[in-house]
Amino acid sequence: MPFITIDLFEGRDKETKRELAQRLTEETCRILNCKPEAVHIRFNNVKREDWGTGGVLWSDK
Amino acid sequence: MPFITIDLFEGRDKETKRELAQRLTEETCRILNCKPEAVHIRFNNVKREDWGTGGVLWSDK
Amino acid sequence: MPFITIDLFEGRDKETKRELAQRLTEETCRILNCKPEAVHIRFNNVKREDWGTGGVLWSDK
Amino acid sequence: MPFITIDLFEGRDKETKRELAQRLTEETCRILNCKPEAVHIRFNNVKREDWGTGGVLWSDK
Amino acid sequence: MPFITIDLFEGRDKETKRELAQRLTEETCRILNCKPEAVHIRFNNVKREDWGTGGVLWSDK
Amino acid sequence: MPFITIDLFEGRDKETKRELAQRLTEETCRILNCKPEAVHIRFNNVKREDWGTGGVLWSDK
């Protein structure tokens, strides 16, 4: 613990995920006072046709 | 809020997801009395070999 | 399948959940052409202090 | 119920998933005293670049 | 990894969760050939009024 | 999008969640170049008896 799941639109490159994993882990450890190795982050890449807001798919917006 | 995640077998076309996103949002807004833009729907497409019921993978049924 | 998870603010009464489970199941079966007994719906009741949007907890809005 | 979701690194073959679905269902039924057809298992295959521990992506380890 | 989430009806005692965590970890390690300390199991206790199947809440069945 | 779910041990106070929501949103917006109002964060508070690692419940560690 803690375990962080991030749903985000598909297409982000590895460098962006690398930085996000690093920075969110650092802030989480600082604020929760936990060790980095206890923090897991999982990226869930979502196609725009698989995400709707207000009843409309993002691939249609 | 509300945030709706739908796990369903892979292979549904965009038109089906479009209608499902629209209708589930409409009914959710009507029943929960919330605004459409507050409703998020995410489709999670699952391969039949990644889903088991009764200890048997659906790809084996 | 399909399996539907609904994250919503805590406090909705049973009658509202009853109607939402019924109507979302009916529409899902109609659109996906699946049987009602295949549709599972789980409500995840979230405290306002456990949900943040734009960096602000909903209990602070 | 119960509904079991397994996040695991991508790349496991169908035979492994078959055995895992079978054995976890058997043990769950034995311990929870529930019927096999009530137990659903979903595999969520995660790329190593989509999983970070200690702020480092597993694709970088 | 692997990370296992178990949605189950509320009310199971600690002894049952203890046995389930132990046995599912043992079988997962044996089948996936991974170390016990890599396996995380989270129990998600669900009220019967928060779970619907076939459009009917389990608290109404 | 993005939607961030944080599973963490039960017992964190509101002030800690407030800071975590704020800081993780700020870093996510900076790195993903998205707007704060697009970022949702949900805290999932988990009892130690509902989390097992290495086959042992954290309430038994």
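When the chains are written out, they are named A, B, C, D, E and F in that same order, and each has its own residue count from 1.
Here is the rule we use: a residue touches a chain if its C-beta (ideal position, glycine included) is under 8 Å from a C-beta of that chain, and two chains touch if they have at least 3 such contacts.
Owing to the predicted nature of the structure, the values given are computational and were not obtained by experimental measurement.
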{"item": "Those chains which touch chain F and also touch chain B", "value": "A, C"}
{"item": "Type of chain C:chain E copy interface by residue overlap (half), same or different", "value": "different"}
{"item": "Comparison of C-D and C-F (more C-beta pairs in contact)", "value": "C-F"}
{"item": "Cα-centroid distance, chain A relative to chain E, in whole angstrom", "value": "24"}
{"item": "Distance from chain E to chain D - Cα centre to Cα centre, in angstrom", "value": "11"}
{"item": "Residues of chain F whose C-beta touches two or more other chains", "value": "3, 7, 40, 42, 46, 51"}
{"item": "Category of the chain touch graph - line, ring, star, complete, other", "value": "other"}
{"item": "Chain-to-chain touches, reported pairwise for every pair that qualifies", "value": "A-B, A-D, A-E, A-F, B-C, B-D, B-F, C-D, C-E, C-F, D-E, E-F"}
{"item": "Contacting residues of chain F [partner chain A, same complex]", "value": "1-9, 12, 16, 19-20, 23-24, 27-28, 31-32, 46, 51, 58"}
{"item": "Residue ranges of chain B touching chain D (in the complex, touch as defined)", "value": "7, 46, 49-57, 59-60"}
{"item": "Interfacial residue positions of chain D with respect to chain C in the complex", "value": "3, 40, 42"}
{"item": "Residues on chain D engaged by chain B in the complex (per definition of touch)", "value": "14, 17-18, 21-22, 25-26, 36-37, 39-45"}
